[in-house]
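There are two complexes below, and they share chain A, which is joined by chain B in the first and by chain C in the second.
On to the complex of A and B.
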């Protein structure tokens, strides 16, 4: 038994290492690139770790007004899209989970259909529409499509969470003197918090990383987001792209994502409803 | 504090099925009334109609002199304890209890604190106030749910099978606790249960329901000694009342194990009605050798099986019954949520009795306690109407209808 246990442990360890290397090697490569000077990145066969560690790339990128604008756009657009999407999704999911109304299945099916619709095929029509109604190259021009692509997933996730919450919770609140709105706000939403945070994170990731719409529906740094802006980092020499700068920009835009995940992962604890009812 | 009057309450669901049918119950101010019945009898639905979680199809729900049919739950000022407690898991015990007070919006923080501490002291929750419900035991959760009810100065308490999730020992303790609390606060209480021990021990009066119809509303003693029909007779009491085929000729009652003499008064009510069902509670039998046999009759029967419990023992005596009686008893058993019953009689004997399995035993029966039921309607022919509380079957206007309905 003991030998099998140890072999299992060793096997698990080896598996972990392989997966970690597989997943993290590109990330480490980008990190290391971001600390290399121009000479090193332009060299024919660069070594993995920088010879001379330098922060020059970070200084440059944070002094680049285009990048800062794009970062501001990314943050603003992603946060607004996330907020609106979560608010609408919460209300919609609650209605779907709790109320009986005609066309409930239709709403859910359409939501699912939208989620499966390929983004690329909408670029053309959206471009025409946005130029016609003046949303082209604006924040709302990106926020609206981001919301419509993330809402379905958020609604599905949240309605699953709402269904898990026992009816009695709300009824107890109503008997205790709450209006439907108070019961929703003070009892249901706190209980659905893990679902709300999950939906928020998914939405934020989508908006933060989205490239196709961002590059097609914007023209200036007034509304261009970071993924789109990074494709404009060409540098003076077309045959020598500024790898260091690109890598640094990637690191910088990854940081907010890591912070958000670290912040929210504590909130995403399952079993928050334990103790509510005998179970 | 308030009285609750239910007048001809009907609840029909979408498919037209009446879950509660023409139920009228008056609960006096400060009274403890139990709604009891097998599952699906509409007792919980009735309770939820009182509190406002279910719409009332027709009839009047009058609480404290005011018709409440169309009021939202929050406007009725009633407190309810749910079967699964329905505590708010994201709030501490303190906040759970304070929740109803905070919702009122105009209660000063200091008053909330005083009331919560008072309730927690009453329920011995002081050391748990800062904990979350998830970390509490079943009994503690139950007490928190009650705490949430008592801080409110509600007009009435409503309990929906509050003890069914607790283990047997805790259930006994909490039962006493609830009774004590209710007596101390003197608050009108409606309590739903399917457990007849809770029904008998807690209630000032007990309402027995069957398939949405009120069978009898009476004190526990009246229900036990004077059931109005077979259903109530079979539901109240453990082990249940024995039902035997019987016929009455003159003053002689013929039972499967022999004939016994009954009083003229009882015989007159049941004479010339053909085949009847006699109901005799197990404790109205006794081993003839350990009892003074005057005031009853003895008979000899072969005992199939004996369960000795120390203070008493149960002897099982099989008997033959004609098909119409067997059929009626099967139907009754189905109404009572039971399994198909053998036609056997349970006899409660004194612990000192030496009767064992396979014996031909001489058994004494207290003939004054025998009830006689009409097999077709289930009606108790020998009921003491003045001492049986109220029942639709006892009201002259309804009597004919009740017969027709069954």
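On to the complex of A and C.
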């Protein structure tokens, strides 16, 4: 027994290192690349670390108006889509977790179907519709589809979460003399807030990452988001992709993700798994 | 997932008088429907309506550059698509990517889940590390791996030059096989965390007592895995495979960034995108959209049948 336990411990230790390397190596690589100068990548620089460390890429990218516009669009669109999606999903999830009504299964089936929907199928018709009603190349033109595609995940996560809330505490508070509003605000909101917050993080990740619609439904930096902008960024020399600048832009857009993950990793894991596995 | 989830507490399922419908029940019914209405309307408006429009447009020869030339061709677009070798090549690529990445992720993801399940130290660190690929933008992952395999600026060639077949001037994006390999690596790197977290949730539902009992009865590690752990995780595995397979089938970002479909690496999504957005072939592109949608339905149906799990029942919504 003791030897198998030790073997398990060694295996787990090795696995730990392997996971860290596998997950972080590409991130360290773009970080390293972001410090390589233009001359170095143009000449070819196959070694992992830069020969001459430089901050020039960061200076260039943070002074690049197109990138800053894209960053603003990404932040604005993702945050608005997240906020609205979470509000709608909270209402729906409350009903699904707490109320008996006809059509509950239909709602859940629709959500499931949309979670699996091939987004690219919508590119043509949405392009056509958005051009006709003037939503093409605007913020709402992206926010609306982002909301629909994040609602399923948000509804699952939240309804799973709401089922675990001890709702009878609301009545208990009322028995103790609280008004219904006080009971809701002082008892239910603090209990529900972590779930709502988790759903918001997952929704934000989706909107921040989305690419197909972002390149199809936008044409200018007025509404183009960072992933779309990056994919069209060729730099001054089309035969030599601007490795360093693309890596730098990658680092800049990954920083918010890393901060969110560092602060809320436990919540994200529980949200992801409760939404998809426990339902 | 009632099969794996802890039983729902008594407080969450209040007894409901079924019939006759009291005023209270009617009011509850109305309130419930009103609360879900905004979400449902939004979801249906942005997917069902455009999908119906795609179905309609797919019956026309319709180029956006010459909108007045729209002409009804019936199922002509479908005939054009289904007899085109490009369509079948891209469908093959997509299925290949789906099968290979999901299979590899299932194995790697399970190993990751085992490590995360057993580990007693640095749980936060490992969770953080694993969530970074999950949260990172797919386009960024594609760039990171494109640069990794880059001929002039990648570190793979110099680091792995000792392997047969890899030399300092191996051009990964110069051929079909190696390009597909690079695309799949990026896809696997980005999405394994999702798979492993779902498997971890399934793994933590398997009773330790049962594994211990099998151990006492003399079952080997392999027997415990095959006869005790995996069967009890079936529901979690099924959900993970279903979601990942359909997600992999939609692969677009990695291909767009890494190869732009060069070397015959286009996927179904990529083909649809190029027809609609780059060629303005709205009629033909709509036919492709409809076919893509039907394929996704078919795959979902196939996986659900294969694993014999009723999703609605599995979600505890009987």
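Keep this in mind: the second predicted complex is superposed on the first by the 235 of 279 C-alpha atoms of A that agree within 3 Å, B and C clash if a C-alpha of one lies under 4 Å from a C-alpha of the other, contacts with A are read in each partner's own complex, and residues count from 1 in each chain.
In this text, contacts are C-beta pairs under 8 Å (C-beta built on N, C-alpha and C of every residue); 3 or more make two chains touch, one makes a residue touch a chain.
Computed from a prediction, not measured in an experiment: that's the story for all the values here.
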| message | Which partner chains sit in contact with A:23 here, chain B, chain C, both or neither? Use first/second/both/neither. | response | second
| Is A:176 touching the first partner chain B, the second partner chain C, both, or neither of them? | first
| query | What is the contact status of A:166 with respect to chain B (first) and chain C (second): first, second, both, or neither? | reply | both
| request: Answer with first, second, both or neither: which of chain B and chain C does A:158 touch in the superposed model? | output: neither
| field | When both partners are placed on the shared chain, which of chain B and chain C touches more of chain A | value | C
| query | Given the touch rule stated above, what does A:191 touch, chain B (first), chain C (second), both, or neither? | reply | first
| Contacts of A:95 with chain B and chain C, given as first, second, both or neither | second
| field | Touched partner set for A:257, first chain B, second chain C, both or neither | value | second
| task | Return first, second, both or neither, reflecting whether A:15 touches chain B, chain C, both chains, or no partner chain. | result | second
| Overlap of chain C and chain B interfaces on chain A (superposed complexes) | 166, 168, 272-274, 276-279
| field | Residue numbers on chain A that touch chain B, as the complex places them | value | 166, 168-169, 171-179, 182, 186-187, 190-191, 193, 272-279
| Which residues of chain A touch chain C in the complex? | 4, 8, 11-12, 15-16, 19-20, 22-24, 26-27, 29-30, 33, 41, 44-48, 88-89, 91-92, 94-97, 99-105, 107-112, 114-129, 144-145, 147-149, 151-152, 155, 163-164, 166-168, 205, 208-209, 211-212, 215-216, 226-227, 230-231, 243, 246-247, 250, 253-254, 257-258, 260-262, 265-266, 268-269, 272-274, 276-279
| query | Inside the complex, what are the residues of chain B that reach chain A? | reply | 51-53, 72-74, 78-80, 82, 84-90, 99-100, 103-104, 132-136, 138, 141, 148, 152, 165
| message | Applying the document's contact rule, which stretches of chain C touch chain A when the two form their complex? | response | 1, 4-6, 8-9, 11-12, 16, 25, 28-33, 35-36, 38-40, 42-47, 50-51, 53-54, 57, 64, 111-112, 114-116, 118-120, 122, 124-141, 143-145, 147-148, 150, 152-155, 157-159, 168, 189, 193-194, 197-198, 200-202, 221, 235-236, 239-240, 242-243, 246, 249-250, 252-253, 256-257, 269, 272-273, 276-277, 282, 285-286, 289-290, 292-293, 296, 300, 311-312, 314-317
